[in-house]
Structure formats: structure tokens, C-alpha cells
């Protein structure tokens, strides 16, 4: 656990240092000698596990299966009796005939690359710079972290005021406000995806910065000193010693970046409902589900595509996280 | 994982006490939202006969139509004593979410449109038939309007409020100043636009950020090129999109594209109306509701209208004149006050109350007061009255999914690069119409 | 990444070389950070600036000048015209129960999983964590249809089904956030010394008493951290209310803000004021409870 987490545990309840390993072993050794649970205890336990699990199953996993199922049907969403099987038609439709599909996939990939190559390194940079206990680092931290407080929908609106063609600050700073050269940052389909990604970076970088700050605090300073003694310069210390030591954080960052890029729904929806250059898979799903033209089969097929793509980082994260636990 | 122990034990108890107190307080206050959530979800629906009022969902969120409907509900309350709770939702959002709105808990009555867009929901059983209401107001309407209010099962569902023609609006003074004349043919229109461009004005105002306004141009070019019947059949997908006739529409339109406002995709129709007012554009193809945006009476008096020029067929016989009105949701069908409200709207009295505030449209009921008609109103009313064929607008004549999911992005990309893949339109149409 | 390395390298060398006894000169770093901080504050600052200027002032002097009056007119107008009071109350109705139920259920689950050795522990944790990471749009259609076809009496919900109710939004938010909270709480509980529960077992305390009287009080800090986090997450949630709630006046503030765009249209001053009003609660929570919020994020993200 990070230091901040540790310090939240009252000292009297904290495990003494180094006890965790012992506890693991002792627990296993004691496993056989734990007092049998009473009947009442068993009931309570099953309720404690059962209720949350039931909720999770019905509201998350069952719908997921239903999404997959519905993607093979033709339905307009109104009458249950109207559901008709459609085989792979929906998938064929979205891959061949549905114009926004491939642009949306491209945009999702672009979003991911942007977050991974611009936002995340920026966050890392900020974290490294702020880790040095310079004056005012708390203020800097608060500033950089503030956008994480805001919902992405609100960020979309705030940046609209900034990007507005005639009255937005950006065009004023560029000197083009009110002139015909003024770029409509959110309206012009050749630039609006970049504009939206910058807005998302505003938030993502702060989030990454925070996680890395926590991670950097957790790195043993003796490692850095040892590297310095060995004659390593700044670059080498950072990349060969510090960075690899933050492996758990790095995994989390990777997963979060991928998940955030797949979730990029709020921002684009608030701007123009995910059309005209801002097509994203998640917005397309909703267009076919909640919009006026409800085509459940196509929407579900899109949702399944999104699901399959999302499962990659999820499985990666789970195998790393829980794989270690199994070995431990 | 390496952990660092922070010697913050000393600070700990203080934080704990604070959290404890906050926690207790929060727990107490938390009870309230729980209760609110339980009751908030419910709301006794006023079933049966004499209910004290009704709920009215309105998508007319712009200032002028909002006040106009307010005048109508006020008049109704004054007359019958029943209260009307109006819920206004922004126009585009209201239309966009109509599907889930009707399946959730819709208001008793709500603003909507005639055309297939209404019949579609009637066919799905989401609306309440109002044959009894039409018993009392049937005499107020022409046969054409009655037909437009009928659902697929032959029952009546819709009460028309007003309609308005789509056409070119322009500022008289600007045209007089520059010596422009009203074009009768498509070639004349192009010539005029060329002249305007040379004069440094954007010839044709255009705004398609919302996606639907561009359909007006499509509809007219299609009707003028291929005739009214073909247009109607195409909307109903009785004709294929993948044919020469449809390609011809886009080829013809691409001759107009250079004259239409290049910033179209970034602006709403309200923005383009402002541009017309500011004399930055020469003319603007839109419905007569465009005048709602002109608050200056001097400007209002300066606005004139001409119908879309003829191209190849049927002269200017076909007019696009959508009809707006009210529908009753399934649940509202059980509310007598709601039925009374609909009956009220079908009278000249109510429509006069509406038109007194919003004079941009033409009332549909017979016997409404036309004395206050401006010359522009008269032109619009005559255009509709003299039209041989009336279309509703693409997104009201065609399947909602076709209009929203296919045409809007297709037209937006056409505006951008001037190319249209009609084969793809047909492929999409086939899937979507089959999915219904 | 080379610029990153360059900037990261310089200060790091400083640290390594001078071992912190003399005050460091970090001019380069400071300049860079200040520039970034200013850039960071610009969007929000612009909104606040625009919001403070009445429309008359911007019509006359334009949006970019400092001339003209500065007052809170826009805020007052946005508040009343925008119906913010209703929307905020709706946000409370959704957020408070959702957070409480989520934390409660997550703590139950975490306790069971961490204190009692089960074969299925890992499987359950995996299931919960994965559920939290899914994009919500994947589940939108089935959840919508499930809510629509779940008939309830009219006295409970005026739609006759679960659409347009707060309960369904609360339930779905709970299901989605439970995974993260369970994961964090289970790690936290595992780190608590097991001597405590051993003592309780010797005393003859049942599972429920162990949970309620021993573990729960000890988890208060984690609850505070997670609670802060969850309040902000659920308050900021845009999607579920968008999907389930159709009546305009039942929307929570974050989703309603989209309606305001349609309502205030070209009145950017009002829109800016509305946006700032929406931001204020989160900023207040952030400033007061920053520590908790940060702890919550790092608790969950770094695996203990």
C-alpha cells in the first residue's frame, strides 16, 4: 500500500513491519485450526457475499451476456416479441456498410495513442518534477490535479468556451477571433478530435501525475543512492532503477490509460453527440440505442466490439494483479 | 511492495474525531435522500376522470415558441381551471430522446410532428388514439390535415397546431440595394448566387451543426428533380437509393454547394439566421420559424420569402410544409384533462393565443384571426394554401433511424467533400428498414 | 521521451549529487512548472472570467477586454433560470444513497473475502474488479431494456417500470462502483492485524459481530477516503442518468448541464456561470478533503 494509505491505518491496528509475510504463512498454517463457523455464521457470511454478488451478476454480468446475445438479433427495442434472429448480419453491417464505424475505431486508437504518448508522459514528468520537495509543490499539485475533480462532460463545456470560434480565448490568443481565418476548433472535423484530446489530456495528466507521485514516494531512496554511488547519471538512475521499481504503478497506469481512451464518451457527446469528426465507438453505441433511431441489434454489435477491445487491458490487468496474489 | 511508514500517529486521533463527528452528521442527513429517492421515483398518475391537471412535455425550447405555448396553457387554465405543468426540454434533446422518453414516463401530452415520425410511434403502441377529441374539432380542419393526423391503423392521434413553409428568406432592403431579383428557375438561382458572391456576400446561408437543416435542400432538389411521389416513396423506402435519380439529386445539389455557407458544419440555424440579419448572407433556405430569431421589428418587416425555384418537374407544385402539434402519450390517454387540452388546441381560440406570441407560423385550424398577418405571413399562408403537394420534411417522412443515423452523417460528409455514396445509403437503408 | 529524460535527469542528478543538505536551485524546474500551472488554470479561469461579466458588458466591449462591470448577475440568473436547485437536489438524491450502499455492500464483500479463506475468493474479486473496468456503454442496451420491462406499480414509479426512477440509477451506480471499493477494502482489511479478530473469535463473537464491532470501526479512514472518491465519481457521472432518466427535471446536475447548453444557447456568459456553479461542490470537497481523495485514489491504484 502507498504511504498515504498506510498512515490512515491507526498504529495500533497496523501490522508490524515484515509481519505480512509471516502472517501469510501463519495463516495458511493456521488454516486447518480455525474454529469452525457456526451455522448462524455461515448464513451471515453467505448473505454478506451473496447480496453483493447477486447485484453484480444481475447488473453487470448478465447485461454483458445479453449484449452479446442481442448483437445477433434484429430488434427495434420496443416489444420483446419483436426480437428476430439475424446471425452475423449486424457485424457485417457495421464493418462494411456503416460509415462511422472505421473512423470511430481510428479515433479510439488515436485517442489511446495520444493519451499514452502525450498525456501519460506529461503526468510522469510533472510527478518527477514535483517529487523533489521544491517550494510550492503542494500548490502545483493542487493545480495540476484540479481537473480530475471535474466530470468529463463539464470539461467538454468549459473547453467549448475556450475553443469557441469567435468568442473563445484560444482564437483571441492566436489573433484570429472574429476573422474568417478563425478555426472552429470543435466544429471543424479535421481538428476537433485533436481539440477534444487536449481537453482530455488536461484531466488525464493530472490523474497520472498523482499516481506516479504516490509511486515515487514508495520507491526506496537507497536504490537511488546506490545507483548514484555506482556512477549512474540522472537518466540512467531514472530509467534503469526508479522506473522499473514502480512496476505495479506502471501496470495501473497502462490499464487506466487504455480504459479511459475506450471510455471517451462524455466529452464527445457533450460537444456534438459524437458526429462529424468526433465519432467514437461508445458514442456510436448510444446513437443506436438511445437516439431517435433505435436499432438495438446494430448498437449491441458495436457494444460487443467495444467489449472485446476492452477485455484486452482488463485481462492483462487481472492476470498481473491476481496472478501475483496466487503465487504469493 | 515497499512501503514507507509515516510517523503521523500523533496527528491521528484528531483526524479520527473529526471524521467521527462528520460521519455521524452525515449519517443523519443521509436518511433524507434515501426517502426522497423512494418517493422521487414515484408519482401518482392521475388516472380516471376528473383530475386536477395534466403534464405537458414541450420540445419548443426557443424563447418565442416557449412563450407562445405558455400563452396557450394559460388560456386553457383560465378557461377550465385545470392546471398544466409544462416541462420544457431543449429542442434537439427532446427529439433525440423521444424513443426512450415514450418508453419511460412521458408527460400526458407533448409537442410533436405529423408524418411518418408520428405514425411510427402510433404503430408501436406508444400513443393514445384521440378519435373522441376529433369528434369535437374535426370540423376545424381540412381533409388534408385530418389525413396527416391519422395513424397506420386508421385512428386519429395528432392535433395540428401550426404549419410553416420551407423556402428562401431574404432581406428586401439588401436585394433592393444590390438589384437582385427573385429567381424562378434553378439556373436563375445559380446566376443570382454567382452575382452575390462577386458582391462579397455569402449567397446562401447554411447551417448544419444539428444535422437536420440540410435535409431541406435535399427534399426540395429531389422533389423538383424527380417529383413529389418519388420523394415520398424514397422516404418510405419504396424506391431504392441506389439509382440514377438519387445520384442526380446530389449532382444537382453539388452545383449549389459552392454558394452555400462554408462554415455550415460549425453553426446552428440560429447562428445562420443572425448572419442573414446582419446581411452577411444573401438568402437562407429554412422554415418560416427563422423569423423567431429576429427581435428587431424593423428587421422583421424587411424579411421576404420566395419558394424554391423549379428545376425539372412539376414546377413549384410541391411545398415542404411540416405540421407541428400535440400528441397524447399512452398514459396520458387516461387523463381526461389532457384530452380536453388537446381539444382546446384544436380550436381557433387556442391557436390565436399561440400565434399572438409566435407569428412565424401559420395556424391550421379554420377561423383563426388572420387580420394581424404581416405581408410575410400572407405569402407563407398562400404558398401553403396553393400548394398541390405538401411534404413534411425528410426526418418526419422517413424512418427515424434512417433520418438520424444515416442521412445526418451522410449529408454532413456530403457538405464537407461533395461526394455521396448512394450504394452505401441503400445498403444501410435496407438493414435499418428490415430491423423494424 | 528524450525531453522528459532531459528534464528528469537534471534535477535527479542534483539530488543524487548534493544529498539534500543545501537549498536547491531549481530555476529551470520552477519556470517550467509555473508556465504549465498557468496553462493549466487558463480554461477554468476563462470560464470564471466570462461568468463574472454581464452580457451587456460583453456585448459592448467584447469578450476579451477587461472593461465593463464584473458582478454575479450571471450566476444569479443561471441559478434561477437553469433550475439549479432542483438539479442539485437530484444529484444529492442519487449520490448519497449510492455511496452509502456501495460502501456498505463493498465492506461486506471485502470482509468476507479477506477474513475467511474461500476457494472462490480470487474468482469473486476478479469478477468484481473486471465489472468496474468495463465501459458502461457496453451494458447500456440490456440495462435499459431490463429497466423498461421490470414492471412495478404506478404508486412506486410513475412510468410503470423502472425507467425514469432514481432507484435504477442508484442501483447501477452501486453495481459499477462496488468492484473498485471491494478491491480496495479487501486489501485494506487484509493489512489489518488478524490478532484482533482472533481475540474476538476467542471471545465467541460471530462473524457479524466481528464485522460490525471490530473491522468496521478500523476501516473508517478507508471509508473516508473511498467515500470522498465515490461522492465525486458518482456526482460526476454523466452517463447513467442520461440513459435512464428522461424527465428533464429529474436529472442530476452533471447530466442536466447538457440541457443548459441547449437552453442558454449563445449566451456564453450564462453557460459559463452554469458550468462554474456545477464545479463548485467538487472543488469545495477537493479543497477540504484533498487528503482523503488522494488516499482513496492511491489506495486502489497501488496494490498492497
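Labels A, B and C are assigned to the chains in the order they are written; within every chain, residues are numbered from 1.
Following the convention adopted for this analysis, a residue touches a chain if its C-beta (ideal position, glycine included) is under 8 Å from a C-beta of that chain, and two chains touch if they have at least 3 such contacts.
Predicted model only: the values in this text are computed from it and were never measured.
Q: Where are there more C-beta contacts: A-C or A-B?
A: Pair with the higher count of C-beta contacts: A-C.
Q: On a CA-centroid basis, which chain has its centre farthest from chain C's?
A: B
Q: Compute the distance, rounded to whole Å, between the mean C-alpha positions of chain A and chain B.
A: Each chain's C-alpha centroid was found; their separation is 38 Å.
Q: Starting from the mean Cα coordinates of chain A and chain C, work out the distance between those two points in Å.
A: A distance of 13 Å separates the two centres.
Q: Quick one: which residues in chain C touch 2 or more of the other chains?
A: As it turns out, chain C has residues touching two or more other chains at 144, 221, 224, 243, 258, 261, 302-304.
Q: Show the residues in chain A shared as contacts by 2 or more other chains, in ascending order.
A: Residues 1-2, 4, 10, 77, 218, 248, 290.
Q: Quick check on chain B: which residues sit in contact with 2+ other chains?
A: Residues 1, 3, 16, 97, 100, 103 of chain B touch two or more partner chains.
Q: Which positions of chain C touch chain A when the two form their complex?
A: Answer in residue numbers: 1, 4-5, 7-13, 15-17, 19, 24, 26, 29-30, 32-33, 36-37, 40-44, 46-47, 50, 58, 63-64, 105-106, 108-109, 111-113, 116-117, 122, 124-131, 133-146, 149, 171-172, 174-176, 178-179, 182, 187-188, 191-194, 196, 201, 206-208, 211, 218, 221-222, 224-225, 232, 235-239, 242-243, 254-255, 257-258, 261, 268, 271-272, 275, 278-279, 282-283, 285-287, 290-291, 294-295, 297-299, 301-304.
Q: Given the complex with chain C, which residues does chain A contribute to the contact?
A: Residues 1-2, 4-5, 8-10, 13-15, 19-20, 23, 27, 31, 34-35, 37-38, 40-41, 44-45, 48-49, 51-53, 55-56, 58-64, 66-67, 70, 77, 80, 121, 124-126, 128-130, 132, 134, 139-140, 142-147, 149-154, 157-159, 161-162, 164, 167, 169, 172, 177, 199, 202, 207, 210-211, 214-215, 218, 224-225, 227-228, 233-235, 237-239, 248-249, 252, 255-256, 259, 262-263, 265-266, 269-270, 281-282, 285-286, 289-290, 296, 299-300, 303-304, 306-307, 310, 313-314, 317-318, 321-322, 324-326 of chain A touch chain C in their complex.
Q: For a test of understanding, state which residues of chain B touch chain C in their complex under the given definition.
A: On the chain B side, the touching residues are 1, 3, 15-16, 19-20, 23, 29-30, 33-34, 36-38, 40-45, 47, 61, 87-93, 97, 100-101, 103-106, 268, 270-271, 331.
Q: For the complex, give me every residue of chain A touching chain B.
A: Those in contact with chain B are residues 1-4, 6-7, 10-11, 17, 74-79, 86, 89, 93, 96-100, 165, 184, 186-189, 217-220, 245, 248, 272-273, 275-276, 287-288, 290-295, 297-298.
Q: Quick one: which bits of chain B touch chain A in the complex? Just the residue numbers, please.
A: 1-6, 8-9, 12, 16, 95-100, 103, 124-126, 209, 211, 263, 265-267, 399-405, 408-410, 412-413, 416, 421, 424, 427-428, 431-432, 434-436
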